[in-house]
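If you scroll down you'll find the structure; I have some questions about it.
As written, the chains take the letters A, B, C and D, and residue 1 is the first residue of each chain.
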């Protein structure tokens, strides 16, 4: 069991290398960012500690994706959780952090329990923890066992990835860590769970029934929608981003699940293509979510609050941060020609190609999934209009935002690197895809030498589709050209001059920040439209001076956290109730205790034959 | 002869089960120990082994004289009510005791092959004494009753040991005697303390530590 | 060359369509109505006027008109209007079109928030709400169409000469989507500035002068693109390259098709009432269901 | 002869404690003495590994691998406790909680306690085994009642009575074993080394019944549910270093006793019986302790229940019986002893600062006692089986063995209750370690010897995990031979 040290414990196949790349792409800018970010937030010793933990965190993630033994994987997996727990509770004064850390570590530990169970079952069959030994043994594994192992892995890794309804920890834990850590957690750490699913389910276990893919797709779609709808309701900017991680994990899993689906139907080209889409979105999400968290951290550092209702007008105070946030927001909203657009297009295209290649009801199923993905991206765009608009545009809504200043250099550099990467990954899609094809081919064990995914270095084109193309560089070029043309028209044909004046106020004499649209107001249509799921409720409180005169009036609107209220809370209550009632067996009476011994003895003697 | 002594032993155990006051309990315990001494002494006479004489002597010194004396002393010193504090009244206790006797007999027959009636009887009595001791510990409230219950169980074990396997190895036997004596001393010490701190020795009222 | 011609023609004819619809609407209401060319006059007037920019606005506000315009123009480039295969079809397909519109909309909504006016916020919120609900229906329409034509490439629609149930239903769904996307009754109303009802107009409320003109042009073109797509789905014919007379013929045919759709839209506009915002969800839900029906029909091959 | 050093030093120290009047000086001497015991025990371990088994003193002393493993565990924890006692007792004396005389008394009892525990794995005679274990109860009862408060006396009473009852059943079981031995017509003896070779000839029926008594009896002492009831009371009221000894090794000596008899049962061909009973009690302990841990409010009781949980795991491990499981269980004995000591020492420091056991009153430990706080945080993760620490390794071995044996139910139960306990631990310790300080709490200085003991234990926790990876085969070999006598 532990005799692995005699062998090489590392595995650097394309899949591992890809994930290593993702880890370092996000970690490096975060590290740069952290220099100035931590300064002044914490005492020097704690900063040292933070950097050590950061290092340990990145190292453990890197090791998670590059070992070839389940047991070592497990050790580093838990180490990663442990270090990230310390980072979540880094702000030890804050009770919220402690709670978030608790929820996080408990959920992730429960997930690990499932993973352990899966490993153990695999070990039973393979008598080894080595990946390749297990892979070989899996070919002879009965499909019933495979199904169980798959479900265990899905729950185990799903907890870490934050798929609904196991996402409960994510919106608590990610916002509480220091921002550069949030960016790594959200950008990279939850991706290790995707690595787990790809590595263990697709690479080692091998997909053998089509319902696996279907299940993953359904869960992914639910994650997408739930994540984005909750994000729309959220006013804490980091928590909003955390919910978007749930959504984007859903999108990534759409690619992965689609790939599983196609493998079971023996559509190898589409399987590779979908996995490419998933992996592409994975790296994209890592980059733009990393960037967005860093920007959110900058905003927090500059203003001292994460509540976007208190922000506003930051684009003038912090122009660079605003620009980076805008790029990130555009990328996550899948706007061309940035990277999020490419991967979402690929995912949608995978659905469409799948729909035209499968038969019967599956077509409609894939179509509906695609439609839900489209809905998700629409809602995500709305959410980021809200996030960017309320945070950065218009007037400052409180003193927090009024006194903001642009953040220090190293923070800006960190953000800049990621912003540039967003553009690069958007424009160089064809090149990226060639690399990803190798990764996904090797992960699926499919020969990709005869497959092509792009026309040339600028244009994507799935081989099996009839003349379907996407060329982001050209698109970007034309966007710029037409933009310039528009500008020229504006200059040449427009004769009038520009006047800067107050916003139209309907004759109301003084428009101030209290007249601005708030984030709550912005999300109201969505709250109403999705009220069947969000279950909003209002709290109104009137403070009266007398019966006729109301001195002040407060009004709050909340949404019900459905999963927490109807799944987790009842379970917790039940567990605690059971535990409490169990506690009654020990009321302090020594006679009773002696009685227990006696009764146990009698019972054992009576039922001795049973043992 | 042995049969009579065993019967007396059984009777004294029944007396303990129905006892309502501590002195009565100690007295019955003394009878029981005396019977035990008788059994051992007869065994020593028949087997002519010097170690059995020593054990019988120790039994007499410790269980018949010293320990009951100590217990009486405790009663005198702490001056609390002599009531044992019954969870179950004597009548019902007697019923329980009868049930235990029956169960012990069944258990003894299960353990030993059927042709050895004396052995079965002795075993049954031994098991019954153990269970009676347990009964006292569970259903009597005071700390002293629990000490005595423990001693009764120990007596039962002694009977068991001397019947089924002809007693333990000698030095083990001595060690056990020593151990029992020390434990009575220590328990007595704690009874004093309980009395001092709580002004009673009803251990069913020691309910500070829960769950 | 053709593509530039196409774009110029597109830009040139886009306001006309709007004028036409208004004219038809007015006539249906038994009014004389404004001239068909009124949108052109409006644009000319706007270009010659001064522009007022809000003092709270940032560069987002200034840059938005160009982004909106350029996104719509790129979209216009992608579709083959008079030529069999758009030379630009390698840039992207039908899906890209959706995302490009999203780009313009994103900036427009941001600029609406930028002015710190509550109208802008309201418009942005409603616009994003409606557009996000449009997406799934649109996606299904694209799926239904692509299942028939075998590709999501817009140029692939051309050359198919049969009208199927699926394409009719898809076109119907697209029509509903178009009503929502081009801010027409029953979803929105272009003709009113009542804060309870306006969506698109609330967003662009702070724009004036030439910026407004650019945004107006963009929305005309967007409308034209949608109409054209409907026409393309329901009458999937008429995209033949050839000699000049043929091109002229097809150009006329193109105008006729657009005219038919314009009449339908005008009829819808005069015959239904504006919906409350929250009923739009039902309306677009209907479009979504139509999309499902279209997909099912396409799967069944009818 | 090493064994005489091991047994002799505590006795000498015990005598010494009657004469030395300076508690600090004696504390240091005491600690050095136990360091010697530790060294000797390691030497003994080596000897035993090479020799297989050692018998001495007219067969009175019989050592095989199983015994030396337990001796090492006892020596390690005893050394740690001795080290910790220096500062702890000194502080109590300084604060006038106890007198210097009482400190001497403490050391006397400490040494007697250690002596009696060391005696348990050494003796060959099963009757003497019983006597030694009963001795541990009697001596440690004084530790439980050491502070002479109402709670502590109550706890001491419950401890002494329940354990005595339990142990009487164990004696009954022992007698039945000897009965089984005597009716088989072989020579009369209670020596374990005489019994094992003829185990297969003994009456299985009587053995089975006897084992029930043994299991109930020593199980009471080991803290197996539902006979565990004395344990949280006693552990929470005992002096902190002694809590560590109680939890860390006293329970294990009872497990050792069960194993001694268990080996006879296994040799008589009733492995399944042994296995089922052990797993049954282990499972009950796990379930009960996990629910108690979840709703616990008292810091030291929490740790006590965690001991019940770990005893349950150990018992499951031995019950599973495959070499892997036994290796895991034996490792777990060591790991739990070390980790639990660390936690109890930490809890002792915390309680001595806050003067309260109630966890609702303890907040912000990491500010007040930074060193202890960090150690307790780490210990908390170790104790709940978080990799890469040692307990994780032993637990994963047991879980693997459970899966390999096909005991899926047990494996799932283990995973589930471990997860619950983990959650509960993080919940409780997260609250007490972090959070806002209660008013008036200031950072406290921690003594050098106090820190040293934490580092020593942490070294063992971390070091062992790494060493074992290299020595894994040896461990399996050891485990295979462990239950062979």
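Following the convention adopted for this analysis, a residue touches a chain if its C-beta (ideal position, glycine included) is under 8 Å from a C-beta of that chain, and two chains touch if they have at least 3 such contacts.
All figures in this text were calculated on a predicted structure; none of them were measured in a lab.
Summed over C-beta pairs in contact, the chain pair with the top total is A-C.
Among the remaining chains, the Cα-based centre furthest from that of chain B is the centre of C.
Each chain gets one centre point, the mean of its Cα atoms, and the points for chain A and chain B are 70 Å apart. The distance from the centre of chain A to the centre of chain D, each centre being the mean of the chain's C-alpha atoms, comes to 45 Å.
Taking each chain's centre as the average of its CA atoms, chain A and chain C sit 34 Å apart.
In chain B, the residues that reach two or more other chains under the touch definition are 134, 137, 146, 203, 206, 208-209, 211. Along chain C, no residue makes contact with two or more other chains.
Among all residues of chain D, those that touch two or more other chains are 157-158, 161, 165, 209, 232, 292, 295. A complete list of chain pairs in contact reads A-B, A-C, A-D, B-D.
Of all the residues in chain D, the ones that touch chain A in their complex are 157-158, 161-162, 165-166, 169, 208-209, 212-213, 215-216, 220, 226-227, 229-230, 232, 272-273, 276-277, 280, 288, 290-292, 294-295, 324, 366, 381, 386-388, 392-393, 396-397, 399-400, 402-404, 411-412, 415-416, 418-420, 422-423, 426-427, 430-431, 434-436, 468-470, 472-473. By the touch criterion given at the top, residues 110-111, 130, 134, 137, 143, 146, 150, 153-154, 157, 160-161, 164-166, 168-169, 171-173, 175-176, 179, 182-183, 186-187, 190, 193-194, 197-198, 203, 206, 208-209, 211 of chain B touch chain D in their complex. Every residue of chain C that touches chain A in the complex is listed here, in rising order: 47-56, 58-60, 65-67, 69-71, 73-74, 77, 88-93, 95-96, 98-100, 102-103, 105-106, 109-110, 113-122, 124-126, 128-129, 131-140, 142-143, 146-147, 150-153, 155-156, 205-206, 209-211, 213-214, 277-278, 281, 288, 291-292, 295-296, 299. Contacts from chain A toward chain C in the complex involve residues 312-313, 315-316, 326, 330, 333-336, 341, 344-345, 348-349, 352, 355-356, 360, 363-364, 367-368, 370-375, 377-379, 381-382, 384-386, 388-390, 393-395, 455, 459, 465-471, 474-475, 478-483, 485-487, 489-490, 493-505, 511, 513, 515-518, 521-526, 528-529.
Residue ranges of chain A in contact with chain B, taken from their complex: 583-584, 586-591, 594-595, 598, 605.
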